[in-house]
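Let me give you the structure first, and then I'll get to my questions.
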């Protein structure tokens, strides 16, 4: 096992990792920017090293200073947390060449899963369903195009290769619309991105985002844990996660879990990771991507399984074995997480930095709060706006929602605007309560114009 | 006159890594604090560089220092069997090496951000240093400024 | 189900009850003394009524004002919490006559269990083992006395009926010491209490305090939950509780659990209650008393079972049924609670009131804090010194102890002295770590003279 | 002279339930606050009764009131079809009933803790009241004190 772990991160996840290390008897080294001198992870760690000024590019992304901090502090392992350098294969590589353990998978696994095309190819080989599509640009002169579209199955969506912001997007309901749609999309894309290339893939209606936490050891054993549903998103940013999914039954769980395991095995994955799928109302699911790190929402899985996933991650990175031997890992209850951000939901989620003048956390039973806040803390302007993760567990989804409402109501964060009011609206919304929310939920029901507050 | 001197010193301050520049003359004090060095709280409020003019310093001004711009092991000389690059009293020009820091097996020179005189070393040879850590206490080389138009001394 | 619940209590338990009511959709009424105008339970409840000045005798024990508060607020039920009026049969009676539901057992059950002699008699009839003894005063002129002592079995202890503070206590190892010991005890008792009556009972060496949470509905179904061990006490005040006990195996658990159920059945018990036993190293156990209310340490049972016992208590008081149907209720992991008091362990636990200038609670995973504190709160001088209950759960006892050490280390309560340092010493103590602590642990190892700090 | 007056007022204050007694004369102000009525924070610090003497009041003194000493339903008269026991302007003696409070089906009189004049009722007939809630605003009956030995007016 490692002796001393350097945490190359900040905020709640740095705090979470320090706690796990402490319980494992490992010494901890916090690295921090000058903007984080007073932050919780610095106060909690055994040692701390300042690695640069506020901007992340000069501190939390400053590989030489981080590696050097590990060297001068004598850390034998680095935990990257999430974001920052956590999915940077070069960083994993540097750690290795400096004989410092990178707490995560191999750089090859990170690389393979980091490249969309390579990942799709790997998944196809591993018999993991991917969204069917043209794999690359299409041309209206290509006579095989209609056949391909038929094979994919209508509706299909035309997307610009240069991508982004909905421009050059066209949904095609049937063959007669196909070629015209492609032409329009190409023209739009050319205007928007200076690149007219477009490709087509299956258009998934009413998509849910459902993911599987996998745990893998160096001996090649891979376990999948109960799924998490993360359909409540805003601009592809998850806001609410829950486990189990209100949609998944045990047979679909087994099917998807096994696909997730194949995905991990295909890249000889070690430690913990997450395989993300899009799922349609028929229960057909398609590989989205694999996150090769601990995730923000690992907490809901911890709540239902009782596992300490960060400890597992560290154990497995140190070469230890998985102690349990089964899929469908036993779970109890239903857990929901809300990501509380320092944003003003009434004003297009604009960031709301400031000083926390009073902090009162919601309390037990069945309530968990992961946060780095304390009364008097000043939120730096350089980093993401996550203030706290509020997680509840109940006997079932209905109990969990009631508990979340109670906890949101109790949570007091004075001094900044937060997304708590948004979550209160979501918890009251019948579409969410019925478990019928898709990835378009926030845009459809919770924007200023649709939530009835303006 | 103050404003002229202000501009002049501001340029100087911006051109360096110095945390603070204090200019005292006839009981008038001009001090600069570059917020990259100030504490977090004020920081997230302040604009990149704030200047203050007062007739007396609120508390004794922090001594001028050369700070580390990297993380690593501090050496007084650039190779094991050489004498220290600077000692107490050494006067160095802007850009002159005053020490070396080893990181990831590579030695990098620490350059003086301004012409100044070394008052004392603050870190012992072979000790680790973090970003922003003061390495040397220095005092500014008394510059002989070209008299400013309209200035009476 | 009730509509509006008045909570006749304060501090963390009032907060705990309000949370349960919220999740059940019940309105809440807080009652408070003038010393508690700013306390958490008043801020959290839907309504609040001031019932008197600071001293509990004029407020939290003021039955007319509490009942009247229920009447003017339209509350249809009163939750007494623990302490104060929770085990006062007269209060339960008044509630009934005023047509307000008392959330607890019948006044008869409270009465029977509240009277030591009546309780012993009831237990004997119910075949629940009690500490064998003389049942009442003994006289050295009584020729049957040595025979009785032999029947009880040596060593026996001589206790003053008027009792208290160790005066008039004598342990007797064999028959030759019996009569002299009684004579001395009588003289001491006479001096100390003006009443020379003494009685004898079996002296239990190396006693553990082990208790069973029972849950009973109005239909007569009684379930027992996994035991709690509460041997770490100071002057009969519990300081640390855990579940399961490091001493109890499944066969002893079943034996004791069934005895606990018989005890509850013997008084037609309804809602939740606790049957306390003394257990000797051979696993012989003896009825101590039954607490006819929710207990401070119900939390450790909630952690291992996932049940919400306060909700259960309210449901059952409203006449609902027990939803599950088994003993040895399924439990997961090992939970430990430390009661953090505003006391100075270095100075004979003298109370340390004051203003909380900074509060930072220990965080997840596996950590629960029940508290009414907030940064800026002033601790009134009138009431008990409980500041917070820190509960952890781990896969096993060893993990739980590590987690408790981590959490104690993280817990920051500025402005007052607390018992946190004491608990840090206990967690490090090999006798506790081995699970070999008896009710004399604190006096033996943790007093200023024995804990090596002075 | 102040001390004499102080003793006199202190006795009066102690003898009543009044939260505050303010005595003003020739710009000098004497006020008593009985801590049982003061807020929690100060309370857990203060000694049972604190007295303060100042030449001007820090803020306008709270009006004198008769407060409820129980919890229940407030009635202006002691039985349904009777007129209010007191109205604005009524002068009452110490111990005289001014209203009634019903708790647990029993009516209890509210007695004036001191001789005073009713300024106005603060709670409407039939409304619930809590412990310590002000029921009537009052003003002290101008007493004609027996001149104190050695006092010059």
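So that you can tell them apart, the chains are marked A, B, C and D in the order they are listed, and the count of residues begins at 1 in each.
Keep in mind that, in the parts below, contacts are C-beta pairs under 8 Å (C-beta built on N, C-alpha and C of every residue); 3 or more make two chains touch, one makes a residue touch a chain.
It should be emphasised that the depicted structure is a prediction, and the values quoted were computed from it without experimental measurement.
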item: Neighbouring chains common to subunit C and subunit D, by label; value: none
item: Centroid comparison with subunit A (C-alpha atoms), farthest chain; value: D
item: Subunit B-subunit D separation of Cα centroids, rounded to whole Å; value: 69
item: Inter-chain centre distance, subunit A versus subunit D - centres from mean C-alpha coordinates, in Å; value: 64
item: Inter-chain centre distance, subunit A versus subunit C - centres from mean C-alpha coordinates, in Å; value: 44
item: Residues within subunit A bordering two or more other chains; value: none
item: Graph class of chain-chain contacts, one of line, ring, star, complete, other; value: line
item: Every chain pair meeting the contact rule; value: A-B, A-C, C-D
item: For the subunit C and subunit D complex, residues of the former touching the latter; value: 34-39, 49-54, 59, 64-65, 67-69, 71-73, 98, 353, 355, 378-381
item: Parts of subunit C lying in touch with subunit A, wherever the complex brings them together; value: 15-16, 19, 22-23, 25, 44, 299, 302, 306, 308, 332-333, 358-361, 363-366, 368-371, 374-376, 391, 393, 395, 399, 402-403, 406, 409-410
item: Parts of subunit B lying in touch with subunit A, wherever the complex brings them together; value: 36-37, 39-41, 43-44, 70-73, 103-104, 128-133
